[in-house]
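Two complexes follow with chain A in common, the first pairing it with chain B and the second with chain C.
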Partner chain A sequence: MANREVILLRGDELRTLEITVGAGQARELVFVALPGESGVIDCSVSVSFSGEGGDCVLSGLYLAGGSSRVNFTVNVEHGVPRCSSSQLFKGIVAGRARTGFFGLIRVPEHCIGTEAYQQNHNLLLGDDCHAQSLPQLEIYADDVRCSHGATFGRLGDEELFYMRSRGIPEFEARRLQMTAFASEVLEGLPEDIVCQALEALESLL
Partner chain B sequence: MAEKADILETLTTKEYSEGFTTDIEQEFFPKGLNDDIVRALSAKKGEPEWMLEFRLDALHRWQKMKMPEWGHLEIPPIDFQDIIYFAAPKPPKKREEVDPELLRTFDKLGIPLEERDALSGVAVDAVFDSVSVKTTFRKTLQEKGIIFCPFSEAVRDYPDLVRKYLARVVPPSDNFFAALNSAVFSDGSFCYIPKGVRCPMELSSYFRINARGIGQFERTLIVADEGSYVSYLEGCTAPMRDENQLHAAIVEIIVEKDAEVKYSTVQNWYPGDSQGRGGIFNFVTKRGLCRGERSRLFWTQVETGSAITWKYPSTILRGDGSHSEFYSVALTNNYQQADTGTKMVHIGKNTTSRIVSKGISAGQSQNSYRGLVKVASGASGVRNHSQCDSLLIGDMCGAHTFPVIECANSGAILEHEATTSKISDEQLFYLRQRGISEEDAVALIVGGYASDVLQRLPMEFAIEARRLLSVSLEGSVG
Partner chain C sequence: MNDILLEVKDLHASVMEREILRGINLTVRRGEVHAIMGPNGAGKSTLSGVLAGKPGYTVTGGDALFDGESLLTLTPEERSWRGVFLGFQYPTEIPGVSNTQMLKSAVAAHRRAQNLPELSSKEFIKLMDSKLTLVKMDRSFLSRGVNVGFSGGEKKRNEIFQMAMLSPQLAILDETDSGLDVDALRIVGEGVNSLRSHDNVFIVITHYQRLLDYIVPDVIHVLYNGQIILTGDRSLALEIEARGYDWIINQHNGK
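Take a look at the complex of A and B:
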């Protein structure tokens, strides 16, 4: 995990990143987007590989409330055989916020042995917010393993009932559920970033 | 590699058994598209004034539109002035008679135009180029109050119904090909199931392109009134030719309260030869509206033909508690291109939908799934599950997935998953060592892969679909 980079995006931010993963190299990037009440975050990441055996792990968490906007564009170009990549992006959307996730995995001809995964999960907390997801696969080679998944959901009523019937107040129960949802991305991050994220998470309630 | 070359050889000689031409006297309109052609077409069909106005309005809209370019397709330029927009077999002397040559054609295609006891389960509306040749079992259906007739007859005999529902789901300005179709649509089927009637047999439309240089533009309108049920099948074929031919259809379905419609398609247009020459350009707009509460609409499609397919059967779920399902198998081989998928637009409360799409690409083909799942802000309790899998056979083909998911309601639960894989060597080895030939093994694996969809098809179609899948795949594995 030596190559893990954590990128914190706060308030208004426009960020473009280009990542090249060398032969046999492993890169890991974690994005945490906290736009606050009215921030606009637009982050676009493109990943390419320059040698075989490269591995790139991307994950991200966006917590959008108020009238904020968050947009993630992730382009992974598997231009070299036998490389792997994975993406895990999770968002909690509340208030009148709008979020978008656009992810593309492209595997050109003859780039066999590619493994690429992509996941986008969204939690919607209100009826005025809007979330969009475009997980896309463009594959021109046959011996590859590629998959993607996207979900949209809300806080589970049964879990809430379970906790409330055990004396956990509703606010606390919801916070717990959201923390659990976010922890997949937050786990192992520096403490100050986790604290900032949890604070932002609480403000969405 | 040598083995691969042999197999490609067999593939090139693969027969498209529906590729014959019927030699029959036909009348044509001159090539080109303008106000005069539309007027002549309308006059030919003896249409009322409102229909002509509808066509002209659509034509003028179309003239201002551009061909859509967002598809993952390479479409060679189409000269819309170089197409014949109307071709029909010369009418027989006696009105009720059908030319025996035509009867033979449809018989050869396995579509009996005579009402036989053995096949009493299916009523057929057979469309040959621009006109409907015959609609079977109309009497039997009429007894139940079901209207099933060629579109041009419906305009004449049931103008109120047609006017009430025409273009309610797909307006002429919807897209380029919808506008084109609205201007020049020649025939198709009209079907109305009255309140509370369960249609006793499967209804079907069979489309056949025969004449050279023509485009086929048919329109199907299905209305299922409250509490009714109908299962509708659609099939199509065309002769083998080196030039491309255009087919741009519209299917509109309106499902009222508590009604249910099943729409199944086995699309087997001529796909072009192994070098990518010829084949049908299939640009189709299909859309259903679940208008009433608890209405249900099921799409099932097996797509094996066409040089280019551009088709997105969609459902607008407006009635509360309405439900729609989309099952699709799209197989492309050689130089075929397919960009197909569905749209599920959730507007009503507690609406649910399911999407299962299986793409199979072989040869140098490109196969894309493109889909939309949209939840409006007032639509609470929405549930959707989408699954789209791609199977790649050979390293020259492409399989793509372009879903769009939009959600504006916190009560919705949406899931989408997609995988891409190939037929694994282990699977093949397992079957081969049990004495199953490579081709049979592949057909077996593909059949299993597609079975989720195939088992949704009505029986007559399921057999046909299985046969088509294995024929279309012949020799594509080395």
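Take a look at the complex of A and C:
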């Protein structure tokens, strides 16, 4: 089990992180971005590897409502063969908020045996919010396993009606669905951070 | 308490400007089981959707009274609190929300609406255990995402389980038999029968008469082209099984 670091970003934050993963080392970082009503969060993460067998797991959750802004820029440079990385960033975007996810995985020619995955999923509430996603792969090596994906969705009407038909009030049915979406990232995090995230999630309803 | 639990009066409804229900009249008394049969496209699912408050339907005329009160202005959750339950033809999958979570919210909302105190965790688990036995479902169902990865039979048993948890006064079962093998059909039938009382009502919507071997109806209606064109007793289902719908439709069209 990797040593997990949790990075909570609240309100206005400008954060730059440079992570070097050593040979055979495993790192795990979880970002939770809660800008509040009008905060601006800009977080750049650069990951590089200094020896073979390194593993880096990044995940993140951003809950942006009001007029807030959240940007994540993630660069993973697979400069050493046989290292692995994965990224899972999820966002719930409401109000007039704007979010961006810019992710780049670069695998130079000699870096065979690389495994690198990148996922960005966005749940949009309302018509005035805006989420941007730019997942990019730059792969020059053969014999690698890499994938990326981005999705944008809304709360499912069918799911909402199903729950409401069982007597669950609409706001609670929405909250259940949003919590389900966020739980993939929140699972296993310290309780006080989960509480802060759930509070922020509730404010987006 | 009204003897008549549900009274549908000249109900018209359309979907995207197309009229599907063209004047439904239906009176259901407490303690009765009604079956609604009919060919594909007759409006069976529209009728159940309109009664449960599913978005996407526009009621253009008539009314549906539940215990004397119009259902049509109520939200789906308000209808549920009053005692209306819809068993879905295609139960929705909700990834990430467990059966327990959903039912806990649902039961809590029902109890709030009835001014009853919240159940303790122990009481809630006891209630779930007793209802699971009814549909012969394993406890492991509870922690799984709602209907996620369930087989067709498991989904339908889950509908009956949820119904048992909420003990509705009016349960509308929309083609609960579709996709069921004989064993699942029997379990569903037994589940429904154990919940029958002289106060509540079941409306069973079905294509086939085989479910009606297990859930014996008092009244059978044939729905065609948005109207109930024939009402009879149980023997009508057997006749439909043997002869199809054409003779009824022809009779209705005056041929």
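To be clear about the criterion, the second predicted complex is superposed on the first by the 203 of 205 C-alpha atoms of A that agree within 3 Å, B and C clash if a C-alpha of one lies under 4 Å from a C-alpha of the other, contacts with A are read in each partner's own complex, and residues count from 1 in each chain.
Note that a contact is a pair of C-beta atoms (placed from the backbone, for glycine too) under 8 Å apart; a residue touches a chain by one contact, two chains touch by 3 or more.
Treat the numbers as computed from the prediction; the structure is a model and nothing was measured.
Chemist: Are chain B and chain C a fit on chain A, or do they clash, once the structures share the same frame?
Modeler: fit
Chemist: Is A:Leu137 touching the first partner chain B, the second partner chain C, both, or neither of them?
Modeler: Touch partner of A:Leu137: chain B, not chain C.
Chemist: Considering only the touch criterion stated at the top, classify A:His148 as touching first (chain B), second (chain C), both, or neither.
Modeler: A:His148: touches chain B, not chain C.
Chemist: In the superposed arrangement, does A:Phe181 touch chain B (first), chain C (second), both or neither?
Modeler: Second partner only, chain C.
Chemist: For the superposed three-chain arrangement, provide the angle chain B-chain A-chain C between C-alpha centres, rounded in steps of 10 degrees.
Modeler: 90
Chemist: Tell me the contact category for A:Glu170 with respect to chain B and chain C: first, second, both or neither.
Modeler: After superposing on A, A:Glu170 lies in contact with chain C but is clear of chain B.
Chemist: More residues of chain A in touch with chain C or with chain B?
Modeler: B
Chemist: Which partner chains sit in contact with A:Glu159 here, chain B, chain C, both or neither? Use first/second/both/neither.
Modeler: second
Chemist: Would you give the minimum C-alpha distance from chain B to chain C, in Å, for the three-chain superposition?
Modeler: Taking the overlay as described at the top, chain B lies 15 Å from chain C at its nearest C-alpha.
Chemist: By the touch definition above, which chain A residues appear in both interfaces, chain B in one complex and chain C in the other?
Modeler: No residue of chain A touches both chain B and chain C.
Chemist: Along chain C, where are the residues that touch chain A in the complex?
Modeler: 52-55, 75-77, 79-81, 85-86, 88, 91-92, 94-97, 101-103, 105-106, 109-110, 113, 145-146, 162, 166
Chemist: What does chain A use to touch chain C in their complex?
Modeler: Chain A residues touching chain C: 156-159, 161-170, 172-173, 176-177, 179-181, 183-184.
Chemist: Which residues of chain B touch chain A in the complex?
Modeler: 72, 375, 377-378, 380, 390, 392-422
Chemist: Residue numbers of chain A touching chain B in their complex, please.
Modeler: 109-110, 112, 122, 124-154
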